[in-house]
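Next up, some structures in structure tokens.
One chain, subunit A, links the two complexes that follow: it is found with subunit B in the first and with subunit C in the second.
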Partner chain A sequence: MNELVFFANKVVISGFAIGSVYAMGAIGVTLVFAILRFAHFAHGDLMTVGAFFAYALTVLFPTAGASLGLPTGFVMLPLAMAMTALFAMALDRLFYRKLRANGVKPVVMVMASIGVALMLQGLVRLFAGTASRSFFIAEHKEIFRIALPIEGITRKLVITEPQILLVVFSVLVVTVLHFFLTRSRFGKAMRAMSDNADLARVSGINTQTVVMMTWVISGALAAAAGVLLSLDVSLKPDMSFNLLLPIFAAAIVGGVGSPFGAIAGAYMVGFAETLAVFNWSVLLRPLAGWLPAWIEIPVKLAFVPTEYKLTVPFFILVVVLIWRPTGMFRGKVL
Partner chain B sequence: MTTRLDRRQFILFASLLLLIVLVFAGMGSAYAVRMLVEASCFAVIALGLTIQWGYAGLFNAGVMGFIALGGYMAVLFSYPVNAAFWNSQGPAALLGVAGRLLLGIVSIVLLRQVHRIGVGRHWRNVLLTLAVIATYLTFLTAINPAADLIEGQAGFIGGLGLPVGLGWLMGGLAAAAVGYWIGRICLGLRSDYLAIATLGIAEIIKAFLKNADWLTHGTLTVSPLPWPVPTPGEIGFVGARSAFLALMVVLIAVIYMLLQRAYQSPWGRIIRAIRDNETAAAAMGKDVNRRRLQIFVLGSLLMGIGGAALVSFSRIFDPSGFIPLHHTFLLWVMVILGGAGNNLGTLFGAVLVYIIWVMSEPATLLVFDFIRETGSQWFDWVAPADLDSRALQMRVFIIGLTITLVLRFAPKGVIPEEVVRH
Partner chain C sequence: MHAGYGGTLILKGVDLQLQQGQIGVIAGPNGAGKSTLLKSIFGLLTVHSGSIQLAGELITNVEPNVLVKRGMAFVPQEKNVFESLSVEENLQMGAYLRRDNYNHLLEKIYADFPPLAIKRKQPAGELSGGQRQMVAIARALMMEPRLILLDEPTAGLSPLFMEEIFAQILGINADGVSVLMVEQNARQALTIADQGFILTAGKNRYTDSGQHLLQNPEVAKSFLGG
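And now, the complex of A and B:
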């Protein structure tokens, strides 16, 4: 039974945590994809920038969290989200709007977003260096070790405070987003524009506002994902590059333009990653007594070695592109 | 009109020449020739990218992967034979792994036909999936002991000791094969998907080359790689590098002439028609995806050859040395700045951007030294200890800024594509 707890620690909890991060990133990507019609490659760096906003605030007020009993980085999250939302709007104004007005092909926008991504990377590293940092300056990361009340289990369920916050926060965000998209006028306008931009324009929807709204939402979510991920692990200036592929895979698996598809896709990618790198020998070893003698359980039996973790989202992406380019939830094929 | 354009080109190339002369004067000829050889390798890769992006509008965000693969093929074919490997049990172990893999592949191929003997399609798919998983797991469990054996007994498998030119060709072919595979999957869809997929495949190729120690020596690196011309040890730095440069110039001239001919041929017209108006081209009965696949494979081929030449020239194969900024985005800057779709412009952009890139390192450090000095003198600012490494990150910023600015203000580049009217 200890092995099952190990499994829960390694796969279920981490899968949920990383899946939530991917979900918040993928919603932003899928919204930009649906409304502005291009794959926004700077999204990973938007996450990094958001995380650094929160980090800067944490450095300025290192004890702000103690009074609330939460990590300071988390307390600063709303502020960082607002700042990143503004930042995303500024990026659009500076770099994307003119290109859009010139009516360039979507793929030129993709390239411009790569340019923006590089600029953000350069800026982050110029101001913060390349070392990884911890958000916990004046406090320490709370780690809960829960002993399960079942006989024979000695291994404890390990869950960290940031992981709990991560899952709770993402559920909250998704609920709010659901009501926003289905009930509010802005949400309806966004969906209308994602269905048909020209039709939306002639029916009197202010497309400029919708575009800005898209950037606000995706910027805020990117900041949340970046902050919560770096609370859980650590703040690395180059984390964006490893996040980009899983997030795009999640958005495409879920069907471009469908936020709920993106969430499902994100958890799918997250769990696929943790399942693929999990060492299955751990679960098989207790069964050794029942297995025939000629089957030898190897020391390490993972579907994918950890170094090749990136192949998992890539493989999922390729499979989806071959068999179902619309994604699981019938999104668009742009 | 034509004369004015020509004069403009003349001025551009004259200034480029002046820049090269300045580098020769300032840094010495050994350094300058090395820079030119590297620039010419990048030029071959940039030609590959310009036909993908400029001719056909295909977005390849993973040039690095094709370069790395081409580079590894150069190692595999041209590096001297590793006798320790061939005398060990390594080849037998590898043969065993290959045998299992072959068995798995044969069974998968046979299972694909199983519906002919009355098994339902649904069951066929279930069987196929199981067979693929079983093959994969067998391969995975078999390759690790073999890899450990090789690493323990011989380090890595070494090369085949064949001529360097063959290695370059195989590098091109391997890159083309990957391009074919990825193109088959993504080219029917919008270009964004191709960008995402190539970005992924590049990182995967790099991860593989870095971690498959038995095959590539991984992070332990392989050196010295042989040259197709006499090496510096034999005839001195300047002479050897000049010989290499001459070889590259001939290679570029051949590729350039072939590409110019292709561009003006009916085939080139179809490609541009597809790029400019896909729907119209399809309505005219052109097979859009097939043409795109052709061009993507051709571009990948050139990238593989260029990558192989680049790695051969550096004499060391280090998989961690491939970084997206240097091997993907720098090439993008070369192509869009020089003029996408114009081969001459691309060559111009490649040489110019590479010189600027190489020179930017000392220049950035100089600027930041100045900032540090003034900062500490006037404002008592204590610079962080890693300012130099941070300063070099500014080059990332500059590359990004150049991409966005060029797209915005000079989308056609400095030597725009000349649209041929017939």
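And now, the complex of A and C:
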């Protein structure tokens, strides 16, 4: 039974946490694709930038969270989200809008976004160096060890405060987004523009405003994902590329252009990652008595070594694209 | 008026006029510039020279969303509904610029187009061709326009639906909305037209009342199939 608790700690809790990060990122990628029709490769860097905004605020006011009983980095999250939303709008104004005005092909936009990504990575390193940092400057990270009231279980369920915040926050965000897209006048206009941009324009929808709103939402969500992940692990200047690939996999697996597909794809990728790197020997060892004698349980038995975790999303991506090219929720065909 | 796509000029001196409350029909062979003309009027293409006026106000090259506010609506020929949105959401998008309560108008439209009332929660993409055309026209009516531009509203429809759409257009006109439409089925369209315009090679060849054009032997011979 202790082994199952270990499984829950390593796979279920971690899977939910990383899946939530991917979900917030993948929603942004999928919204940008739905409205602007290009794959935004600088999305991972919006996350890094958002996380550094929150970090800078945490350094400036290291004790701001103490009075609320929450990590300071989390208290700074709304501000960081707003700053990143503005930042994303500025990126659009400076680069993407000019290209759109010239009516360039989507592949040019993609290339431009790779350029923006490299530039942002350079900027982050210029200001913050290459070292990892912890958000917990004046505080310490709360880790909950929950003893389960079941006979024979000595191992405790381990969950960190940032993980709880991460899952709660992403569930909240997804719910709000759902009501925004299906109930509000503006959310419907976003869906309308994604469906048929020409007709949206003919209907009197200001497509420029919809584009701005798309950047605001995806920028804010990117910041949330970046900050919450950095709170849980640490703030690494190179986190963008490690996140970008699973996020794209999640968006494509779910069906590009479909926000709910992005969420489903994100949790699928998150759980697949944690399942793939899990040491299955732990679960097999208690069964050793029933197994034939010639089977020897190795010390470590995982599908993929942790260092190669990034191969997992790609594997899923390829399988899904062969089986169902538009993704699980039938998005736009790429 | 002269207009076209990018550098290519398609309209080379069109001149037409429609009185408030009238139905105008633009007919002519393929490639004459009929659709281009409507798109130019609605600000979707650049007008290079000449001018367009709506009730005496200059609207040359004015943005579509401004024109919608001024009481003009446009129904494109193709892809004229939001397929993934429900019928009701399509109508709400037609009323996007309205900030007042327009429930009475929704009810009126559902009364005028009964099939839409039944399918109001269904995605418009699942509807039949004729019903989609109704959604498209109803979406344009949500701003209660003074003038509605229709680009081949009966293209690809069965004769039965064609009759129905023509009847709807007459009904819209009876509510005081001016209609300017491009039509392939010129003979049928001209019978309901107050003004008819026969376009060839980017110019209007004949301009007359619908009845006169139908009786004109030259027009009948060249453009209405004898």
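Here, the second predicted complex is superposed on the first by the 334 of 334 C-alpha atoms of A that agree within 3 Å, B and C clash if a C-alpha of one lies under 4 Å from a C-alpha of the other, contacts with A are read in each partner's own complex, and residues count from 1 in each chain.
Note that a contact is a pair of C-beta atoms (placed from the backbone, for glycine too) under 8 Å apart; a residue touches a chain by one contact, two chains touch by 3 or more.
This is a predicted model, so every value here is computed, not measured.
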item: Partner chain(s) touched by A:T175 [first = subunit B, second = subunit C, both, neither]; value: neither
item: Partner chain(s) touched by A:G129 [first = subunit B, second = subunit C, both, neither]; value: first
item: First (subunit B), second (subunit C), both or neither touched by A:L321; value: first
item: Subunit B versus subunit C as contact partner of A:A189, first or second or both or neither; value: second
item: Partner chain(s) touched by A:T63 [first = subunit B, second = subunit C, both, neither]; value: neither
item: Partner chain(s) touched by A:T209 [first = subunit B, second = subunit C, both, neither]; value: neither
item: Subunit B or subunit C, by number of subunit A residues touched; value: B
item: First, second, both or neither for A:D198, with subunit B first and subunit C second; value: second
item: Contacting residues of subunit A [partner subunit B, same complex]; value: 33, 38-39, 41, 95, 98-99, 104-108, 110-112, 114-123, 125-126, 129-131, 241, 244-245, 248, 252, 298, 301, 303, 305, 307-308, 310-311, 313-314, 317-318, 321-322, 325, 333-334
item: For the subunit A and subunit C complex, residues of the former touching the latter; value: 185, 188-189, 191-192, 195-196, 198-206
item: Subunit B - residues contacting subunit A, complex; value: 57, 59, 61, 136-137, 140-141, 185-186, 189-193, 195-197, 199-201, 203-204, 207-208, 210-211, 324-325, 329, 332, 336, 384, 386, 389-391, 393-404, 407-408, 411
item: Complex contacts: residues of subunit C adjacent to subunit A; value: 42, 44, 64-65, 68-69, 74, 76, 79-85, 89, 92-94, 96-97, 139, 143
